[in-house]
Amino acid sequence: MTPTTLEAMAASVPDGALVALPPDNSLPSIALAKALVRRGARGLRLLGVPVAGFAADLLIGAGCVAEIETSAVSLGEAGFAPRFSAAVKAGTLVVRDCTCPAVHTMLQAAEKGVPFMPLRGLIGSDILAHRPDWRVIDNPYADGGDPIVLLPALQPDIAIFHAVMADAEGNVWLGRRRECATIAHASKRALVTVERVVPGNFLEDERLAPGTINATYVTEVAVAERGAHPVALLDEYGFDAAYVADYARMAKTEAGFATWLDREVFSPRAAAAE
Amino acid sequence: MSDIRPEERLAAALARLIIDPAAPPARHIAVGAASPLPAAACWLVRKQGHPVRLSLLHRRSGNPFTEGTRELFDLTGQGRIDLFFLGGGQIDGQANLNLVGTGEWPGREVRFPGSFGSAFMYVMAHRTILFREEHSPRVFVEKVDNISAPGVNAPGVFRRGHAQALVTGKCVFRFHPERARFSLLSLHPGETVESIRAATGFDFDVPAEVPRTPDPTPEELALLRGPVCDEMLETYPEFCARVFNRKAAA
Amino acid sequence: MTPTTLEAMAASVPDGALVALPPDNSLPSIALAKALVRRGARGLRLLGVPVAGFAADLLIGAGCVAEIETSAVSLGEAGFAPRFSAAVKAGTLVVRDCTCPAVHTMLQAAEKGVPFMPLRGLIGSDILAHRPDWRVIDNPYADGGDPIVLLPALQPDIAIFHAVMADAEGNVWLGRRRECATIAHASKRALVTVERVVPGNFLEDERLAPGTINATYVTEVAVAERGAHPVALLDEYGFDAAYVADYARMAKTEAGFATWLDREVFSPRAAAAE
Amino acid sequence: MSDIRPEERLAAALARLIIDPAAPPARHIAVGAASPLPAAACWLVRKQGHPVRLSLLHRRSGNPFTEGTRELFDLTGQGRIDLFFLGGGQIDGQANLNLVGTGEWPGREVRFPGSFGSAFMYVMAHRTILFREEHSPRVFVEKVDNISAPGVNAPGVFRRGHAQALVTGKCVFRFHPERARFSLLSLHPGETVESIRAATGFDFDVPAEVPRTPDPTPEELALLRGPVCDEMLETYPEFCARVFNRKAAA
């Protein structure tokens, strides 16, 4: 397995791609999101699995995103996602509201190669009312009068996330954050940034195997040290609340966001750090 | 014992609802992100010696799940989550929740973060305690602009549980799913039935006598300020600093 | 968490229970199967996840089993399962034939709390023809003419498997054999034998968490050293092919099986070793 | 080079089918339990330098899956398994497989172990190579007693792949899903069209000229006896001892 570079990885994401991202508590690749901003990606369709956070707000603010399907966009303790909120208000972003288990279910349907899966709940919500692609059928296993929602399989073009490490075979280890495994299984391609590449094969080690995603599902690996920052990475590093709070403050305005981007994404120092 | 803080009263009120013997047993409670008061109430129940399992979704270490967040929803689907907490940018008199936004769909006036798992959890958990500190006609409306999660369902629609109660900064309401209405359960200090009516956009039932929301007992206060705060310092440092005047070790 | 004893655990399995067992390559508890034989369990309904092996043949031979639902019963390299084959020939065992992904799918439906899940394939097989509980519907996401099988959720009464270790909180660690997690999630109760109990909490350890089953799903733990023997347990011990070959030879006849049971299950030495 | 063993010829024949340029590419092959010859063929292809990914289900260490065996079926459902191998207690002229048993359902005459994943894998893998060493009218029947997995489906039924070929101890058949029939592809040494007809319970097509199944090349034999055997020693010690006269280290 030969790692690629972060900028080459960003270049391999075509405009308009359906890109699945884990949320801020589950190993997003902020490094790759910044590289996508630098490459000037356009028209991306984001899928928050099951919610979206810092990376999504950044990409939306930078004009990379045409649509987002997600159960929420939030900066957590730092509050509402400012560029997402502004884009919704301006009507420049198509938002396809979802609910968390529905995202997981649609990806699990793709993971299993079935065209749909059912999910309880949802009936009576406006989320369902605004999803013409979700169907309500009468549960064939009840004696009539039991409506249940079917959700279609959803296969992202590209899964993007950050893992702790890759091995010589191209397997990646990310421990308990197994929604990333589901995203990788369900997606056509998976682009994974890692802190480091190590020798050996995680699948030969009974302690590492359960938290490993098989190289079968991993299209490319790029090394990006502290690639999840400001988000936490398991026991490797913690959440940088001050960095996110500073972003939330500056990104309240278009101008503040532009200044932040210049400093944290476009400046030679910022780009070189990735 | 120093002055009782409003948050301490709310935590104690929530804890009493959790262990309410009239409600289904709370063996396993899940608490979502950014919910310090529900988390404090759960820890209070635990520290009082009730053998309840807590799944705190956004604890940085010791996260209880090994399938990612999917596991919370699977657990709830299995019927293993007895109690969940939800809030809402708007909550109406039928206990409908709006976490999406006001104005035209999907929240063109004020966009909230989104519905998270509410459209599922509210239906599939055995019960839900609604919690919203801000008690105003802006939040408690007659009819929500958009329904993230419905308070009740049409007959025949599979539903495992409903709202048990709504705890606010001014009072506690009980919810009656059979008639899809709230009734006033208790008033926090300084509030009257009239002040609640003035601050609430939806109609609700008022029993002949409405008790005051009790003060936390000295034992409850001691637990909250001591062992409960210890458990919460890592996840909610700002809350602990503000309410309990405690700072996490660097 | 206070472990129970193997015999108390066996006593807690009521006659007639629907018991899910992993196959010989995925951590069956042979120790508990032997204890069930000693306690004289009757009328058990076994579910092989997705196939059954040594433990199932043993329980069938000892008269503990009324029904089995499985994709196969086999002793692997040691050949056909002799007591299973004899029981099918004699017509004393109800066999509900399945196919591997259907077992997984029915358990996943129970895991998610949905009444059914679809599965591709199956159409045109006699397995489907003999399963009146499986339905074929027209895929609502196609434009008609796409038949697809729906499988009902299957919730076992009891999941039985062997793990490497339990911790002080009652979590159990079994590494990559995650079908056992699905079985535990889907079942009303999970009875888990382990090699050892260790202090601490696996969920606080990022290296151990991904291979851990949360105590939420674990009803009881009993220590049974070499509790998977003769089956392999990850990197703890290997497969004892000679033991299984000896079983396969002796169990060809009713009398040989009885002799084997006396020696390996009922003798004071055998019982004490568990 | 010592005498060619029948197993070596079969492994080489299987390997040639795997890399057949007329078939869809074999990027990821899964091999089930107790399948030493298909495994040997796959390793031969790998050792010849073809960049194929092998998922060997019953390797004790380095098992490729981290979701348990469910992952194989999910992978296949996703369309990521290009090639699988299946056998059968009975195989008929329409490539139907019977792994359940003979006589009345569920195999009251002779019960086989069971259908395993065949009812799914045969339909959802991009292609399947059928392999059964015993070539007799008992195995190759006109119509299987019970269908574990169908050789073809009615029009409109979703199906990703079919049998590519059937390799036996006497010959190689190619399967033609469009007409649901086998045709004779090559004859192993000592066999004739007539000897195959006599040993086969189903009817099949015979082209004007039927070639011999080629001998393994010296390069293939050297790979089989060397690096292929090295890879297989742990999983298939008895096979390696019998065919390659090699014993695993204790």
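Note that the chains are named A, B, C and D in the order they appear, and that numbering of residues resets to 1 at the start of each chain.
Here is the rule we use: a residue touches a chain if its C-beta (ideal position, glycine included) is under 8 Å from a C-beta of that chain, and two chains touch if they have at least 3 such contacts.
A quick note: this is a predicted structure, and the numbers were derived from the prediction, not measured.
> Please state, in steps, how far chain D lies from chain B along the shortest route of touching chains.
Graph distance in the chain contact network comes out at 2.
> More C-beta contacts across B-C or across A-B?
Looking at B-C and A-B side by side, A-B shows more C-beta contacts.
> Taking each chain's centre as the mean of its CA atoms, how far is chain B from chain C in angstrom?
Each chain's C-alpha centroid was found; their separation is 40 Å.
> Report, in whole Å, the distance between the mean C-alpha point of chain A and the mean C-alpha point of chain C.
Each chain's C-alpha centroid was found; their separation is 36 Å.
> CA centre of chain C versus CA centre of chain D: separation in Å?
Between these chains, centre-to-centre, one finds 28 Å.
> In chain A, what residues contact two or more other chains?
108, 112-114, 119-120, 146, 148, 176, 178, 209-211, 235
> For chain B, which residues are shared contacts with two or more other chains?
Residues 61, 63, 65-67, 73-74, 77, 124 of chain B touch two or more partner chains.
> Got a list of which chains touch which?
Chain pairs that touch: A-B, A-C, A-D, B-C, C-D.
> Would you mind writing out the residues of chain A in touch with chain D in their complex?
Spelled out, the residues of chain A in touch with chain D are 110-114, 181, 185-186, 201, 203-204, 209-214, 216.
> Of all residues in chain D, which touch chain A in the complex?
28, 53, 55, 61-67, 71, 73-80, 124
> Report the residues of chain B in contact with chain A in the complex, numbered from low to high.
33-34, 57-58, 60-61, 63, 65-70, 73-74, 77, 99-101, 105-108, 111-124, 146-150, 152-154, 156-158, 238
> So in the complex, the part of chain C that touches chain D is made up of which residues?
23, 25-26, 50-51, 70-74, 76-77, 80-81, 84-85, 88-89, 91, 95, 97-102, 104, 108, 119-128, 130, 145-148, 176-180, 182, 232, 235, 238-239
> Where on chain C is chain A touching in the complex?
Within the complex, chain C touches chain A at residues 105, 108, 112-120, 135, 137, 139-142, 146, 148, 150, 152, 175-176, 178, 206-211, 234-235.
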